[in-house]
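Would you mind keeping the following structure in view while I ask a few things?
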């Protein structure tokens, strides 16, 4: 079993808050991340797939294909966007890094499976000090 | 002459656009950076000062003092904010990295000069691929 | 199951040696790391916790809480210190990266568990070329 | 159980292609990586071993020993070389990162086992955007 | 005066040698870099331009334009290539990092000048430990 | 004129203090850096030399020669050492990063000049947030 990982990047604005809460409560719980005027990040996403190495081709999957899936289903929808307002698959989702990882997983699991490859992990780094890793429902 | 540099970081939303232009023209000129719903970055700021090494203390200036000035005049005003909406010293400023560097210079040149130290360079990295350096009016 | 990681940093002096051995034997076994006058590192610590995503809050745990635990139980005791002489929880411990990871685990496992969260991994990078990962007694 | 990792680096030329295919077909499948005149990389290799911490010595294994094994069996044979032409253990191997990882595993598993240590993972980063991880036949 | 920098990357094979020298002499002078079967690198190129900030647009030049020039005149010709064999503007050039920097400068100085912008520096990092900076004939 | 830079690394313990001051005063001025039991860093040193490109050899100087000078005059004396106690050329020197840069300059300027090359800059990064640059007496 081999694991291969592709890094992609996108830059986006977002905000953490619950709409039914007051600004005060949102700030108390989420700190600066609740700023009503948004803040943003250079997100790094690391997508890991696993599989056997194809004997003829020498790889688990062509990283160009993985990169194409990520660009079509993730980067083109999230880059230079507002995660709360602009991204169809994040509608009504609290845009925490955890939830963003889950939703990205749901976006790409199917297209990767269609190529006969198994998605293993979606890792998202929000800053150089914080990242999350999601391995799917297990 | 010795140069010392302190790195600080802040995360912010922003948008590039001219208010008198249509959305179409803004997108044509500024691309995804013009997104009306904002996008954002993890900004890195590198502030370089220059001076003689103080013989008794061994340094040009105490980096704690430099860090304090940056936190008071820059980071506390920009971190987790919207550069276009929330930052007093960026009012009516196109929030390009170039302009942000100039305005940060103007914010910190005085407080650093009060300590008898000369500001040399404000460098801002917007992404891992792009940065600007400003050396003041010369 | 979601895994989230927080990076913190501290700078410290230390030395690898067994007090009952001669300087020669210590140097033979531990090389330059046995220098009686100490050496030091910029340590990076990556603490990973795991758990379910809280539906209301969108996260496994508030990273501010994790950071606070790390600052109180680890960074405030280790930063700008001598690991062999100054750190209560490293008394009589060979300050190898492995042992430091185990002792940090013991320091933070309880406070993290009190918040209902499970500690998953303590990773410590001593240099850009060396790191250890500890997953607890299993 | 503790995991320790050593990073080493080597720089090499290589090419992805199947000799029985035409240049056109090789380019169609492998893109620029099929260039008959070669291209190259600064490879980073991260080797992880696992084991119990030796109580007397404080470590799983002396990283100098791990580094020596890597230099003797891997780096000295691959650094400043052509992976397709110059490396005995890559003879007739498609030099994909996946296959390189498997072959490096085979090179070092024995020498590490002789020290009573268990090889856990060979990770190779080909660029800042791509890496593979191999955990052996399981 | 403002300086802005764009990073681009390419991966390539190359070799340092003088054709009129024996293999022995080439190895004596250039070490492993003289390997007749080539080696390679992930090159990073940092191109810095300088100019006044355009008041209407807020920038010295549109980084998309700079990136387009670099892709057309540099990256598309060098990425996944052999610097000694495949690159027209490196014909009969010793492909040291210094010479590569000079030749890249010559490639892009004109197209950048056509936009009314002044090229300031071409920096090339060959490995994480080595880089060169060229500021043009002065 | 071309500038080339070599990075080397060393790990060391040190302490900032004036021996004629009380511990309290040292702590007041130098903070945690005054800890009597020392702390330490992974230092990165970037040495830049400048010169014309040798037409026959294609480089300003052989980086192997630069690396050898740095290893002989700097790294072998500083790595895994205590800067205050173990380094002959730092005797009675306040081991601030500024002073360390000046003293390293004095160590290597001569040997580099003997090769007909001009030392341009010694840059030392003490942490990922702090660095100094020294260009010699001008």
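As written, the chains take the letters A, B, C, D, E and F, and residue 1 is the first residue of each chain.
FYI, a contact is a pair of C-beta atoms (placed from the backbone, for glycine too) under 8 Å apart; a residue touches a chain by one contact, two chains touch by 3 or more.
The shown structure was predicted, so the numbers you read here are calculated from the model rather than taken from an experiment.
Shared contact partners of chain B and chain C, listed by label: A, F.
The minimum number of touch steps linking chain D to chain E comes to 1.
Least step count on the touch graph, chain C to chain E: 2. Interface comparison, B-E versus C-F: the pair with the greater number of contacting C-beta pairs is C-F. Placing every chain at the mean of its C-alpha atoms, the farthest one from chain B is found to be D. Computed centre separation for the pair chain B/chain D is 42 angstrom, with centres defined by C-alpha atoms. Chain centres here are Cα averages; for chain A and chain C they lie 29 Å apart.
One finds 34 Å separating the Cα centroids of chain A and chain E. In chain C, the residues touching two or more other chains are 31, 128.
Chain pairs that touch one another are A-B, A-C, A-D, B-E, B-F, C-D, C-F, D-E, E-F.
Chain A contributes residues 1-8, 48, 53, 56-60, 62-64 to its touches with chain D in the complex.
Interface of chain B with chain A (complex): residues 9, 11-14, 31-33, 35, 37-42, 79-82, 85-86, 127-128. For chain C in complex with chain D, the touching residues are 16, 18, 29, 31, 93-99, 101-102, 128-135, 138.
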